[in-house]
Every structure is written in C-alpha cells, then in structure tokens.
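Look at the two complexes coming up: chain A is in both, with chain B in one and chain C in the other.
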Partner chain A sequence: MSSETKIEYSKKELPSSFGKAGYTLFAVGLVLVIISYLVDPVRSSFNNLIMLMFLSSIGVGSLFLVAIEYLGGAVWSVPFRRIPEFLGAIIFILPIIAIPVYFNMHDMFHWTHTEDVLSDEILSGKVGYLNIPFFTIRVVVIFLVWMLFYFMLTKRSRLQDQTGDQKLTSSNIKISAIFMPFFAITITIASVDWIMSLEPHWFSTIFGIYYFSGTVLAAIAVVTFLVVYLTEKGLFIKGIKTDHYYSLGALMFAFVNFWAYIAFSQFLLIYYANIPEETYWYLNRWEGGWIVVSLLLIFVHFVVPYFGLVSQPSKTNPKRLKFMAIWLLVAHIVDLYWLIMPTYSPESIPFSWMELGFPLLTFGIMVIVFGIKAKKENLVPIGDPKLKRGLDFRL
Partner chain B sequence: MSEKVLFAITAIFNTPDEIIKAAEKTAEKGYKKFDVNTPYPIHGMPNAMKLGRSKLGFAALVFGLSGTLAALLMTFWMSAIDYPIIIGGKPYFAFPKYVPIMFEVTVLAAAIGTVVTMLFFFFKFPNNSHPLHDTDYMKKVSTEKYGINIQADDELFNAEEIKKFLNELGAAEVGEIYWDEEEVSTSPKILEPKFLGFLAVTAIIISGTTYFGLNKLMYMVPFNWMMEQDKALPQETTNVFADGFSMRMPVEGTISRGAIPYPYYGKPELAEKLMINPLDYSEENLALGKKKYDVFCSPCHGYFGEGDSRLRGQYPNPPSIHSEKVKLWSDGRIYHVITEGQNVMPSYSTQMTREEKWATILYIRALQRALNAKESDL
Partner chain C sequence: MQTVDYSQELAVIEKRPSLREIDEIISKPLETKPDKKYYLALSITVTMLMIGVVGLGLSFYYGTGLWGNNNPVGWGFPIVNFVFWVGIGHAGTLISAILFLFRQKWRTGIARFAEGMTIFAVMTAGIFPLIHVGRPWLAGYLFPYPNQHSLWVNFSSPLLWDVFAVSTYFTVSLIFWYVGLIPDFATLRDRTKNKIKKLTYSVFSLGWRHSNRHWQHYEMVYLILAGFATPLVLSVHTIVSFDFAISIIPGWHTTIFPPYFVAGAVFSGFAMVQNVLIFIRKIFNFEHIITLDTLEKMNKIILLTGSMVGYAYAMEFFIAWYSGVQPEQFAFINRAFGPYAWAYWIMVTCNVVFPQLFWIKKIRRTIPVMFAIAVLVNVGMWFERFVITVTSLSRDYLPSSWAYYTPTLTDFAILIGSFGLFFTLMLLFTKTLPVVSIAEVKAVLEDAQPSHKDH
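Moving on to the complex of A and B:
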C-alpha cells in the first residue's frame, strides 16, 4: 500500500452553531425539567432515572470503547479515539443527575419501604443487598471507579499529544486490562441497582448484559454520528475513508444484533420456564397500553436498524450512518423508557411534555460536554504511534 | 482434436501496487473480459476492476428466507398439527419457542445454499477444467507474481495493441495462452466411471471403518441422559420411603379416576340376580369382546371356549363354557367370575374395564350360540 499518508491536522474551532444548539437544547430542557419537577416530582424522578441511565450508557460505553481499542490493539479506530474520550467526561456529570433520583428514592424503589420489606418473605431475603446504606455505598464507589479510570486513561492519551511517547500506549493497555473486570462488575451492579430493583421481586441474571448491549450500541452510535459530522464539516483529520465508515457501520450493526440476541434470550428463558415470579415483569409490559411500546421496541431497536444497516452500501453511506446513529440513540431512550416507566404507571403509557424535557436536556448535556472538551483539546490523538496506520487502514 | 486457438494475452507484474494500477487501466480502456490472478486476495481489487456488486447475496437471501419459512412450517406442523402436546402450558402454536430453530435453519440454509450456488452456478462445477490450468502463467501467479489476462473473446480484443498496452504498463512478462475448446468444455472428468468408482470405494471404506470402529471396537452409549434418570422406577428399592418400596399404595379412601367399586365380592347369588349386561349386540361390541376374549380368556379356555387350553398339560384345564351350568348362568354371574375369579382362575379386574368385561360376555354368548345354532339363525 502507499505509505505516503501525511498526518494533516490543524486544530479548528467547532462551528458556533454546534455550541448554540447545545446550549439551546440545554436551556429548553432544563426549564421543562424544573417545571415538571414542580408539577409532579415522582414522575419526573422516573424520567430523571432514564436520563441518568442514558448518560451512563454514553459515558461508560465510551470509556469501554477506548479501553477495548487499547486491549485489542485496534488501529482503524485510533484517528477518532478522542471522540469517546471526550464523551467519557459525561461521567463527571452523572453524580449531579443522580442526586434528584437519590432524594426521591422512597417514591421509586419499593424495597426502601422497610415495613413492607419485613412483611414480605422474598424481599426480606434480599434485605442484605437492597438496603439504603449499602446502595449508597455502591453508587458512590461505582462513580468513583468510573472517574478514576477515565482520569487514568485520558491523562496519558493527552500527554502523548506532546511527547509522542510509545510507553504511554503500553501503560494504557495495562490500565485497560484492569478496567475491563471493573467495567463488567460496575455496569452489572449499576443496571441491577437502578433498573432491576425497581421491581424488587423480579430478577433476571442476564440483565447486566442486556443493559451492556444497549450501552455499547449507544456509545458507538454517538461516535459514528460525530465522526461523520466532523468529517463532513471538514473539522476532522484528513484521510477518513469509506473503510472507516464501513467499520463503524458494521460495529453498529453487530451490536444491533447483539442487543436483539440478548433481549430475546432473556424473554425466551422467562417465557419457556413460565415461573410466576419472573413472567409478571413481561406481563406488565404486555398488558394494558404497554404492548404498544413492547412491539414498538422490537421494530425501533431491531427491525428498522437491521434492514437500515444490513447491506454493504448502507454502511458506507454517510447520510445513512448519521440517520441510523440518531435513530439508535432514540431507540436506546425507548429501551430505557420501556424498562423503567412501567413501574411508575403499570396501567397506561405516561407520555407528555414532561417526557420530552429530559431527553432534550440529555442531548444538551452531551453536546455541551463535547463542545467544551473539543475547545480545549485536539480532536485527534496526534501523538499516538498508531495514528498513521489508522489512517492507512483498508478493509 | 480441433485446432488450438488463442484464449488470452497474459501479463505478469512484480508488485501488488502495479497489478492494481494495471487492473484500473485495463478497466478504463473498456475491456470487459479480463481477470486478475494473485496468490492472495488484494484489497481494493473489485473496485479497481470495476466489478459490480456480486449477485451471490441474492442467493443467500433466497436460501435464508426459505430456511426460515421451512423451519417455521416444520415446527408448526409437528407441534400444532401432527403431534399436538401441551408443553409447559404453552399453546400448540407458540411462536417464541420456534425462533431459535428458525434462526439456526436460516443460517444453515443460507450458508450451504450460498456455497452450493457459488460452486455450481459461478464456478460451473463439476466442470473442473479451465484454459489457464497447467500453464506457466498460473504457476507463477500462484506463488509470488501478480498476473492479469485479457481474453480473446473481448469485443475490443486486438492482440498487438494489448501487448503494447501491457508492456507500457510495465509488465515483467507478456505471454499468450492457447486452448482447445473441445478439451475444456467436454464432459467433465468428475463423472467418469473410474472416478465415480473410486468415490464409491472411498465412501464405503470410510463409512465402514467409522461404523465398525465406533460401534464395534469402542462402543459408547451415545447419550444416556434420558436413559439414566434420577427417579424411582417400579420394582426397584428406594431409600426415599421408609419401607423401601418405590411403588406406593393409593392414598387411603381414594379410588382411581372413573373406577366404580364392585359391591358383590363373595356374593355370587346377588351378582346373578341384580346385574344385567348394559351393552347391546352390535358389531363394535362383539369386536371388542372378541379382542379381549382372545387376549385374556383364550389361553386357558381356548379360542372357542371348549376348554382346549394352549397350556394343555402345564396347567389344569378349565371346564368348557359350553356346559349347561354356564349356559344357564346370567350375564351378571359370568361378570362376577371374571371380576372375582373362581377356583384357579384369577381376578381380571386389573386387566379389563367394566365395558370390556361386558363386551367379552356378549362374545361368550355368541360362542355358545354358535355351537347350538337354531334354524332361525341361518
């Protein structure tokens, strides 16, 4: 192959429309969120939980993408590794978002009602895990672990921009290897604590993987959108080719299938075993109005993206990729909505302006965090020894 | 043998970059029938050769979808039509449990279908000859060189021009390939009797040794999970119950479903007086009676009730059922004998249901009548 690829990157400011869009989303979202908290705090805190889980998905999912790149020794994704690194900074916002949820816990989590728990045989068996002090400790530890690894991984990457030292890459590989088990455990605990324990009688041992599949899919979708957007605006490094696009599209497609596989596995096992304490969770989402959301989820999260990304040209078409990335982010919100909201309202689907404010705020936060990070740092890891090979990447 | 004619002009290049450039230029010139031969797949070659999208994907789609449909119909037919059993409280047509089967069959059908289509449709299997086979050109491009060949039946073919063009591209070597059309396109060698015979012998040897080796030399029970279940079987001792029996008596005071207690044990006179046969003489009842009689009664009483036992000599012969005594018995009295037993005859209550006993009595009456037929019966 030709080895004449030059690293042509000069730092450019993001267009002002990018920042403006972020602040508009943020302002509108924040106003709606504050009003909805004044109107109905319980419903708002359920929505707040969706926002928290979505932003955790993006933040930790991005960190996972960075770590898996180091661990796998991947080259193709090096030119845009900074994008998940920037998005990982969302982790620092998470505690702020978690505060309203934490103070409304008593209205959301049934297991916080001590008198009910003690009169219930199943719940009193789980009391060693589901109690408020231990829950608080877990939340705090999980946030700290994520922040710690974000700090360790990005610090060396940033330092490499100046020094170009190869040793920084090898120490990042070691950190990534340590991060992986922590990631697996923390994300399982996070999904079990914040989503599964909403219905404390119910349990599914595959639940952590279910949330993980959505998490990584959402993170890849954001990265794909930003890579295509920045390349189209000419803000990114020269040399991003259809091969890169194809790989991102293929990865999205793979995780669409992975999500469907896990979601169906969870459903099939519960359907086939037919044990009352497991099936009621699905029955809640099958009866009343929720059947609409359940069926919609299959189409939004699997059928449409599957056919939208299955063919080879669609994975290299930038417009299609951008559309599918946004689509999958919405799909992840629908997924979390389907997981969380039936606990708040088992009979009917709660949907009004209150449910709109939180996603707006969510996207606003993502855009602003990315904008701030992009202003301060290089969009490309220019000191990374693998960068040139990453640009030379061919399928 | 016909004349050998020109098949293609070939050129050999030393580096992959050169061959990509050569393929691009050749395609730009408008040649359609040309091919590139390299020792390994070179990235970007389909684009350089301006090949369109492969149509093989459609074969995969068609085979995959037919696999899905076949699996759905198969599972549906088996579990909802041919042998409907309720499993785990599911309806007969339970779509979710079919999905894994549908998925697997889809993958299998698509994979095999695609490979077979590729072999038979695109590679023209079983024809295994090609003009380029056994040429120096092919030997070189299979090891370390990169070759391109432009076929003589291309519309723009002009031997001199192409040679000049290829030399301009920097070819290390330009050559010609001749072929005998008849030899290449005649009946494929794979169908020769010699080859087929070889194939059959190989198949027999491999399957024979496999069968002999696995089943005779080192016999293993394939899957014994269902044969060796952790449960108490009848006639076995068990340590679950204190008395060591695995078979249990019914709970006291209960009877089995549909059972009606027999009230006349030890009271043949009451049975004689109080019971009448509820069944009519019908073809169906007589057929049932004959079947039961042949199974349970005939071993001792004989097929025609004359007491000519097939166990003659090993067991005391029963009296004939054509005796005056039996003929004068009411149906209820015979029912009593079947139910309670008499002398050495045991009770048949566990083997026969009420209806079967009554039907058997009808058959016995028919046998008695057969030996003493009246004129009106004719």
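Moving on to the complex of A and C:
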C-alpha cells in the first residue's frame, strides 16, 4: 500500500518574505549591536558571548543531529536532514562572532588578569589550563574540528543527490561515529572555557552535559520550526505526515526533560552538599535580583514546554510545535543569559535595548545562512537511499 | 563492496518463520521436561545460593562483625553489591521501555528476557540494604507510616529516597512485565493440554481473547507503562548516585554522578543481558529470533555507554585538578596510585579500554570475543562501585583514622550467593515463562509490516 509513495520533489524558491525577514533582523540587529559596542563594549561583549554560545549550539548541535541519524540508522528524519545540514554552516560564522569576545577577554575573564592570578592560590593552580595561548589554541582547534566534520558529512550528502550512491551513506556512518567522541570533547571544552571559566573559581563536572542538553534541544527546536514552516508553505517534499511531526515533538519533549534532569542534578548536589567553593555560583544567581531570572528559567525552560508538549495531540499540532520551537529557542537564550550575565553584573539584572540587538542579529544570521544554503542546494536529500523509507515512516 | 542496502528495512527476525512456528519454538522450553544440563546448571546456581545463605546465616547469628566493614570504611561489600545489582537491572527497562518509545523493533526479541532480569536483579539488590542495616527485622520502619513510637524516617536522606525509588521501580517493572505477558499467557493457555497448567494460564491471562479491542487497550497500557518506566529507571540510579554525591566526601561529591551512574548501569546491564542471551539463543534455538544483528546492536550500546563512563572518569579527574580543592585532588591521585590502585586499574581497563574493541565490526559480531568483553565489563563495573565506595572512605579527611578495607570470607560468600540467587531465578524463569514475547515477535515479522513487499 504505502510502498506506492512516490518521491515528488521539485526545488522551489523560498518565499521572498523569508529572505526579507532575515535581512531585516540582521540589519536592525547589526545596527543595535554596533551602537551598543560604542556605548558599552564590555557589556556588549558579554551579550556577544551569549550570541556565540547560542549559534555554536545551533551549528554544532545540528551537526550532532545529522551524525546521530546516520549512527542510529534512523529513517524518519531523512526527509528533513538537509535542514540541520544547512544550519551546520553557521559554524563558519562562529570565528567572526568570536573575534569581539576575544579582544575583550580581559574585561570578561578574570583569569586573564595575571597579577590577580598570582596572588590567588586557587587561580594560580589553574594557570596550566587557563592561560591565553592555550585558550586560543583550544578555540582554534575546536572551530577547525567542527568545520572539518561539517565538510566531511555534508559533502557526501550533497554528492549523493546526484549519484545516489549507497557507499556515501556507509562512509558517512563511519564519519559520524568518529565525530561523536570529538563532539563530546569539543563541546565540553567549549562550555568549560567559554562559560564556566567566567567564574574561574567555580567548577562542576556535569557542566559539559548541561550545555550539551541545551545545545541539542535548541537544534531540534530550529529543525522542528523549519520542518513545519516549510511543509505548511508547500516548499517541502510531499509525504511529511503527523507521524513526523509527532516524532519531532516527542524528541523536543524528551530533551526538555533531559535538560531539566541535568539542571536539577547539578543544583541539588551543590545545594545539598553546601560547600562554599560551589554554592557561591548559585548564590550569584540568587542575589542582586537574579532570583527572578533563576526562577523564571525553571518555568521558561521546563514547566511551560513540559505542559505544552506533554499531550499526544500537542505533538502533532503544527501551530503548537512552531510556538514551542520558538519558545525553546528563547529559553535557550534565557539559559545562556542566566549562565553568563551574572558575571558581568552581579548586583542587578542588565536588560535594555542592548540585550535585544544581539538576539535579533542571532536570528538574522540563522535565517540568512539557511536562506543562502536553501537557494543553492536541494531542500531534501533526494539521492539518499533511506529517503523513501523516511517518507513511508509510520509510528 | 556493498553489503547493506539502506533502501530496504532489514528483517529483525530471520528465516521468515510462520506464526505457528513462532508459537512452537518459544513455548517449547515450557512444554518439554528439563534435561540433564538444565539440572546441572541449576545445581551449580543453587549451590552458589546456598553458600550465600550460609554467609547470611552466620551474619545473622554472629552479627555484621563477620564482614570486613570497619571504621572508616562503613560501606563495604553490601553497598557495592547493592549498586552493582541495581545497575544490572537497568538494561532491562532501557530495552523494554526506552527502546520501545524509540520504536526500535529489534528490541522485541530480547525485551521480555531483559525485563525479567530487571526484576530478579532488583530483588537481589534489595537484600543488601536490608542486611546492611544490621537489624533487617526492623526494616519496616523505612516506610514512613504513623506509628506508636512516633518514629519517622529522615525525609531529607537519599537513602530513604532509595527505598521509595527502588520499590516504585520494582512495582512498575513487575506490572510492565506482567502486562506484556498477558497475550502470551493466553497463547499458552490455548496450546496446553495439561489441566493444571490450563487453569493457571487462564487465571493469569485475565480472559484474553486476542480480540481487536483487547489489543487496542493493551497497546495503550503498554505505551503508558513504558512512559512511566522511563523516568523511573533514570530516577533509580540517579538516587543511588545521590547516596554518594550529596555527601562531602572527596571522590563522592561531584555533580556528574547522576548521568554517569545511569550510563554505567545501562553499560553493565547490557553486558549481563548480552552474556545470558548468548546462551539462551543457542540452547533454545532462538538464533533467528535473537539474531547476530541484535547482539551487534547491543555491543554498540555497550560501546556507547562505556565511552560515556570513560568521559565521566576523565571529567572527574580533570575537574579534581581544575577545582584546586586539595582533598579532591588527593582522592583522585589516591585512587590511581594509592593502596587501591590495583582495583582502579582493573576498573579502567575493563570499562574503558576493552569495550573500545567494539569499534571493530568483526569483534562486534564474533560471539566468543563479545562474550569475553561483556564479562570483563561486568567485572569492571563491579570494581567501579568498589573503587568509589572503598577508596574514598578508606582515606577520609583525618589521616589518623585511615584504614585498609579487606573483605572477609563471609563477604565473598554473600557475593557468590547473590549471583546464585540471580541465576537460579533466571533458570526457573526460562522453564516457567516464555523468555521471548510471542506476541511482539509476531508483530515485527517481515510479513506483518505495512510496507511489506514480496522479494
């Protein structure tokens, strides 16, 4: 019966409103960002760091989604694998975004103050890891590793559009397997270096996993939004059903819970043991008005999406999915804001037009990168041997 | 060299057996008398069990002083064994519930058996906290209920959360297992000629008639129970990890413990399932139901979870150094180079090094090799709990109270007994209940697929 499904895909242009939205977001964001850099470079650098971490999440998180599909032998996600592949291209923007942060490091990372480090016994013990040359090397290596795997994974996928060669799938499976340990290590180092070391005395072994949980959730959220959006606009391949929607919704729901589990584990263990070396990090997010953001995070990142996605109909409702996807992206920004900004301003919550410019630019970059890639390439991996099975997919 | 055709779904069950053949082959062990080998195996496991019973009897008579536990190592073998056995149980729920939610069809061949293992492993694990309290007859007070003594439990202790988590987990696992068995009980009821068996199966099958309506309800209940079991399985080992991690003992207090313990539990559980299934599929001729592909997939999960455990070890070491906390740094150097270095390096080689061999496809598909690796994994995972529990306690903050923990013969007897109990229950299970779900296997046959084609 369903074996009759034909692969009907003809490449269509994205609506011009898509590109316009992207460029508008980008232009408004960029203007605001430039002004805020002129007004307050330090504060802007912290906001810039949020943008960097967010786009890293989307870029490398998308790459993770691609790799996990190959490794798990999944078929349901094949029809929209191009979406995370396109989003992976964001990795190439990351070095540019990292530059302003890099030049303002001295005002952001306390461990860069050599004289303070020398007088601080704990910090001088960390000099072997937290020093600018080694830090720079790590940043460069991380970006190179991500770019390398982006190339290797997407190149074969694109080639397959023309040849349909199954060997390309086999080799991508191997590359994905090799990618996994690299992914685990790079994302851990990235989270430790770029977020945890903002408060260099603090430490938490789960921190890499915490960032990972947010990363993957954000990547799934973008993919979900785009799948629903493109299907509704009729730009996508025919055959995307509620079964696909349901799976995306269930995956988002799973990672909402996973994030909450990791976040709660970290909090409870530190709260319960009550050692000053660790608790001060949470106290910084409790005092000076930060209690509001801390409590808000629980609702924004867990309670609302939990109830928003828990029921079966909500996972197949396109409107709900789009709303929750955008919501979770905002939640990831709130999460990063909560992680990063208390270092900048422990006494009060900094929130003004400056904090708005960066997210606008972030979304603008995402839309533009996706738009450019979608213009050049097929939205669907038409040569993938698993594509038909993916369209036939049923729960 | 093209070996896999990705455009076709691979058959989960090989040889395309008919529905009748499936009934026959799975119910065969239940309808035939056990042979000599079975009794031989049973006598070995029961002997092991008896050794444990002697160890327990002596402990009850003379007291827990017979164990190696000392001051400061108050948590010796009993807690190590408890964590080990709870961990073994985790693979069962992962296979039966989490893989079900992920719609992994290959799980059908192994789910029933793994779920059974969960139940037996949790039962075995349950013994240890009971005996470790020293007065097991007072263990009823672990459940908070209003009593004449106004005696209440300490609600803020993770040891109590363990009581709730493990008992809830056990209950839900048992119900989940039983619900899955109902259609199979009905099949067996319809097959058997023996009156007593017929009556028993009839009672347990709850009047199941394989009707469409029954199936609809069944599927719904099964999905809901899978949804319940998934957070439960995570919560159990998370709370077991809290037993350690909420304290401020160096080497115990680290935030990665919850996910790390869960990964480790799945790791050891899968190794145990793989080990036992290798025998089952051979002895009962299930090689086309529990295929080599299935075993390979299990080995991949062992590789994945083993790498996660390796990541956690590395992260603990790194953060111990990075934190600058001296007791923490000492605890980890002591683990690797102190008096228990031997245990530590057994743990690292068995858990991190050997499973990495599963990167090689040939090893993933060679039964003797994978069997050996999985045995080593379980050795390693037992030692992991030993390393965590004992090394940290034996070298606490006060050097004057440092001590070396040496387990006694009684400790070993109880450990052997726990294996005896587990494998005895396992053997009885193979002869009393269908070890593979008849109904589920039928549902994943090639002919049962909506996209089925003749080719």
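What we mean here is this: the second predicted complex is superposed on the first by the 394 of 395 C-alpha atoms of A that agree within 3 Å, B and C clash if a C-alpha of one lies under 4 Å from a C-alpha of the other, contacts with A are read in each partner's own complex, and residues count from 1 in each chain.
We adopt the following convention: a contact is a pair of C-beta atoms (placed from the backbone, for glycine too) under 8 Å apart; a residue touches a chain by one contact, two chains touch by 3 or more.
No experiment lies behind these values; they were computed from the predicted model shown.
Novice: Record, for the superposition on chain A, whether partners chain B and chain C clash or fit.
Specialist: With chain A as the common anchor, chain B and chain C collide in the superposed model.
Novice: Classify the contacts of A:Y272 with the two partner chains as first (chain B alone), second (chain C alone), both, or neither.
Specialist: Both: A:Y272 reaches chain B and chain C.
Novice: Tell me the contact category for A:G208 with respect to chain B and chain C: first, second, both or neither.
Specialist: In the superposed model, A:G208 contacts chain C only, not chain B.
Novice: Does the superposition put A:F151 against chain B (first), chain C (second), both, or neither?
Specialist: neither
Novice: Between chain B and chain C, which one contacts more residues of chain A in the superposed model?
Specialist: Of chain B and chain C, the partner in contact with more residues of chain A is C.
Novice: For A:Y23, select first, second, both or neither according to whether it touches chain B, chain C, the two together, or no partner.
Specialist: In the superposition, A:Y23 contacts neither chain B nor chain C.
Novice: Once the shared chain is lined up, is A:F351 touching chain B (first), chain C (second), both, or neither of them?
Specialist: neither
Novice: Taking the superposition on A as described, I'd like to know which of chain B and chain C A:L395 touches: first, second, both or neither.
Specialist: In the superposition, A:L395 touches chain B and chain C alike.
Novice: Of the partners chain B and chain C, which touch A:E121 in the superposed model: first, second, both, neither?
Specialist: second
Novice: If we overlay the two complexes on their shared chain A, which of chain B and chain C does A:I262 touch? Say first, second, both or neither.
Specialist: It touches chain C, and chain B stays clear.
Novice: Kindly list the residues of chain A that each of chain B and chain C touches, one partner per complex.
Specialist: 1-2, 268, 272-273, 394-395
Novice: Over in the complex, which chain B residues touch chain A? Could you list them?
Specialist: Where chain B meets chain A, its residues are 17, 43-44, 53, 88-90, 96-97, 99-100.
Novice: In the complex, go through chain A and note every residue touching chain B.
Specialist: Chain A reaches chain B through residues 1-2, 264, 267-268, 271-274, 312, 394-395.
Novice: Give every residue of chain C touching chain A within the complex, in rising order.
Specialist: 2, 4-9, 101, 103, 231, 234, 238, 242, 245-248, 253-259, 307, 311-312, 315-316, 319, 322-325, 359, 450-451, 453
Novice: With touch defined as at the start, can you tell me which chain A residues reach chain C in the complex?
Specialist: 1-3, 75, 121-123, 125-126, 129, 166-167, 169-170, 177, 180-181, 184, 188, 192, 201, 203-209, 250, 257, 261-262, 265-266, 268-270, 272-273, 275, 277, 384-386, 388-389, 392, 394-395
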